[in-house]
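Note that the chains take the letters A, B, C and D in the order they are written out, and that residue 1 is the start of every chain.
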Amino acid sequence: MMDMFPPDRSQYPAKKADGTLDIDLTSGKYLKLWQGPNHPGITGNMSVELTVCGDEVVEGKTHVGYLHRGFEKLMERRTFIQVFPIVCRVCVPEPDFNEYCYAACVEELAGIEVPEMAQWIRTLILEMGRINSYMMYLGGQAGALGQGVIGQWTTYARDLMLDRFEELTGARIYHMFILPGGVRDTLPEGFQQRMEETLREIESTLKDVYDVMFCNAVFKARTVGMGVIDPSWLEPYGVTGPNARAASVAKDVRKDAPYLVYDQLDFEPVIGHDSDIYTRADVRRRDIWVSVDLIRQILAKMPKDGAVMAPIPNVLHWQIPRGETYIRGECSRGEYGYYLVTDGSGYPRRINVRGPSYTHAMALLERMIVGINISDVAALMVSLHTYPPEIER
Amino acid sequence: MDFDWMKIPYAFLTVFIVVNYGFLMTALIQKIGARAGRRYGIPIWQNYIDMIKNYSLRSSITHGVMFYLGPVFRLSGGVGLLLFVPTIYGSYMFSNFSFAGDLILALYFVFFGTLGMALGAGESGHPHAAIGVSRGLSQVSMAELPFAMAVFSVALQYQTLSVTDIVAAQQGGMLHWTLFTNPIAVTAAMLSFLGSMMRPPFDVVIAPQEIPIGPPTEYHSSYLAVMQTNRAIFPVAKIVIYMNLFFGGATGWPELFLKVFLLYLFSAFVGVCFPRFRVEQSVRWFLVWAVPLGILSIMVV
Amino acid sequence: MKPELMKRMVKGPDGLEFEVEPLRDYYCEAPPTVMPAAYGKIVEDLFNWARSESIWILGFGTGCGAIEMRPLMTPRFDAYRYGVQWRPTPRQANLFIISGYLSTKTLKRAIRAYEQMQNPKYVIGLGSCTINGGMYWDSYNTIKRLDDYLPVDLYIAGCMPRPEALLAGFMDLKKLIRAGNGEGANQYAENFAWYKENQKRVIHDWDMPDYNW
Amino acid sequence: MAMKELYARLKALFPLGELTEQRKDLAFVTVPAEHLRATILHLRDKEGFTHLVLLTAVDWLEEGRFQLTYLLNNRQRACDIGLRVMIPRDAATMEGIHDIWPTAATYQRELREMFGIDFPGSPRIEEDFILEGWNDIPPYRRDFDTLKYAQENYSERPGRVTHDPETHMRLQLYPGSKP
């Protein structure tokens, strides 16, 4: 099955049929180039070990682990409520999904029923986080091609959304708002219209971004037809989220297996067809519009008041019977999931975080990077929208 | 003819004025670019501070003789370019060492700095620097081609190789400028001007997201300061040539400042809102758009 | 140790064989020396003022703190106004912001990046995890106190610190430099053996020269 | 019930353990190690479970076993099945599935490094994945004490105090109260 996708150099070091090295570094024909970890064109603190021949990349190995904190070990040492503050540290740009997935796992195993109001607020927070993450992506994608001004605009719009987060949760980055049993608080006074203003600002920013970035001839020249994901790779490489949707596969957990209140909201997953860098960027841009619309729907449809927190046992003696479960959600990069195993004690036996970048940035990137121009490595990496912290945790 | 020694202090005066003007102008351009990103931008005197800071760094390491000479070549390229063309038309003080054949010399000096930079950066031994040098040489040589053609057509048009005469021929009203008498050549030259200003879409040489940051990767403290000084002189000197050839020169410092600023702003405006070409794309772009215009301009004249 | 770092025989393009030992040949490992201050008090004060007014950050996001760097450089909190800029290469940077926890794997890269910066150079520890481990006080892969391994000029507490806190930190750093206390590089050179000992106790596969310019 | 029917079909082919139905769209079933490959191929090709969600391990130290969990997802029917494989804890080795899903090689590298479970023939299995120069037992094993390791290797900054949460909260809420 491996030879289904030639040329595949995942068998390191690649050997020819006669057993000699496929890439002979001592021949002087190849140059080894480390892109990262200290490199502006890398997504976060990871590195790609490139072997280039002229301007063409003949082999790329992803190296991760620079951000490893051993979360899954630390969680085993903490009680169920002590885990809740550190889960959001797993993924920096979009921390809320960790909180939601962990809380949902615990609630399912402990048999806690979450009030409806809390469900709506959770959905609202997840959509806000999605917009933030996409805004960072747009800026990064343009910046990887030397268009710095887009990053300025999108980061400004993201700051506005962070303000809404701040007045809702009290923090800019790590919100620690969704805890097992519900959410910490209800919406503050006048949140609706302030959110409406923010959404208008974001919409105008998106229009500018569309005019300057997506209608730009040079941007098209760099991205159209570049870095195509073959549809036959989707299943073997576990591609999910916008990367799969850009390849005309409507993979969206929000539709496939609706969680929270997504079954009461009305939206259609965004589909692209060319599956190149441009299409992936365009799918994410249109996905922001969907999220903006979803937030408006949520604010309109959500109940005016109600309990936001279900009664949970004394957290100091909280023990959960033996069991295991898996909760997934559609984050801005693909399928995000938590796998929780409990053994009847007061501590989780095992927690495994399934980040979409785990497959995108390792196997898929190493597969796609072969044969592209060295100038496009940064653009390709960014277009997969990977965040190292969720690879190595 | 006997050499007029008085020209030397005047030439130094010219360099001094141009350096300060260059610092302030690049800072102003950066501020304008920052406004496009809704930012306030750097202070106007930031470049001076950066230069003092870089000169004041205590340690500096070398990679060999050529590593020293790279920035020196670059600076001498900028200064030489400035010194051998008449900065102010008709002024004895600021016409510098311009002589009959200085157009050819200017063409050479435009390229000189890049070559020296390539030698120096090559010796630094950093792979990114090597990649940047290879990209830079291919792109700059491609960008110089239409400029050379435009210069030839202008020289043919005015039947002279002396910048002073060319400026003299353009005096007396805007309509005498080459911009209006030979628009095709000017267009070709301005396209190559975009390519040689190291701004997007033609800044793949120093592309920070790909090869941070190209040839100057290894340069630091004093070397970098020398290159900063040149970064202030070289654009002004180059623009002075463009101005003399195509935009009727300048009869006084205010006019020079204004024209140089506008010309620089032109490249900055293009640079703010474009991503960068890959190197082969930019080469192809020059081949498709600029070079035919250059050839055409020679044909027309 | 990686194979490309081993001592090996290389055949040149002209056909003759020569031995290459990367750790010796590719780096100069002369230990750092204490660089005296400039000529006179007035000159040194001028230089310190210039250094404090043009701070060039090394663009190396070592942890989650890097996420707040981007708002710092963009319209809301425009740090360019204070002479703060990015530099993508350590050669031209003066300030190294350790943005958050350092795993041992990153510590190795951070040390190399720090040693390639030019004297005088400054280090800011960002976030509680650089002060005492913070959230990861019992993690097996992150260092607990940064100043054992690099000379830290300033700590900014918080998880994570807001951009306002970063700006305030820059202001304090400027005061430090103007007062002539930003001597981290010389401190590193003086206690070089001690720092190296600490670093090697944590980094188990040390496959680089002791000091690389 | 979809899961029950699926389980019945599988049971006819392979000697499976009992079925644990967690949700109506998520079930876990125990598979003998030697039948794992055939089961996975059958699920992927016949039953449409084409998406490998995750592959991870659970360390049951008391029972001296590792539990490998292969979680497969069927998008059309929107249901997941988790295959549990119990392997002995000492000299733990398992057959890789990187030729069925190339991305599984990454999971196997992590398991090899973090749990010390060997997958012979998996690409780059020998390389360091996350850790660098690790000189202790694999860190995700239950008998590895991360706190002890941290205190031995990294110097603590003095001044960190830890409270027993129960007494601390009681003194916070009811000052001066007795346990």
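Criterion: a residue touches a chain if its C-beta (ideal position, glycine included) is under 8 Å from a C-beta of that chain, and two chains touch if they have at least 3 such contacts.
Nothing here was measured: the structure is a model prediction, and the numbers come from that model.
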| item | value |
| --- | --- |
| Higher-contact pair (C-beta pairs counted), B-C versus A-D | A-D |
| Between subunit B and subunit C, centroid-to-centroid distance (C-alpha), Å | 35 |
| Euclidean distance of C-alpha centroids - subunit A vs subunit D, Å | 22 |
| Distance between chain centroids, defined by C-alpha means - subunit B, subunit D (Å) | 61 |
| Intercentroid distance (Cα basis), subunit C paired with subunit A, Å | 29 |
| Multi-chain contact sites of subunit C, meaning residues that touch two or more partners | 59, 74-75, 88, 105, 138-142 |
| Set of subunit A residues in contact with two or more other chains | 39-40, 65, 68, 70, 73-74, 77, 152, 156 |
| Touching two or more other chains - residues of subunit D | 131-132, 139, 144, 146-147 |
| Listing of all chain pairs that touch each other, if any do | A-B, A-C, A-D, B-C, C-D |
| Partner subunit A, residues of subunit D touching it in the complex | 20, 22-23, 25-26, 28, 50-54, 56, 58-59, 69, 71, 75, 78, 80, 82, 98-103, 105-106, 123-124, 127-132, 139-140, 142, 144, 146-147, 165-166, 169 |
| Residue ranges of subunit B touching subunit C (in the complex, touch as defined) | 34, 37-43, 46, 49-50, 52-53, 56-61, 208, 212-213, 216-221, 224 |
| For the subunit A and subunit C complex, residues of the former touching the latter | 25-26, 28, 32, 37-40, 44-45, 65-70, 73-74, 77, 85-86, 89, 92-93, 136, 139, 151-152, 155-156, 158-159, 162, 172-174, 389 |
| Subunit D to subunit C touching residues, read off their complex | 131-136, 139, 144, 146-147, 149-150, 153-157, 159-160 |
| Residues of subunit A that touch subunit D when the two form their complex | 1-2, 5, 8, 10-12, 64-65, 68, 70, 72-74, 76-77, 79, 108, 235-238, 240, 251, 256-257, 316, 323-326, 328, 335, 337, 339, 341, 349-350, 352, 354, 358-359, 362-364, 367, 392 |
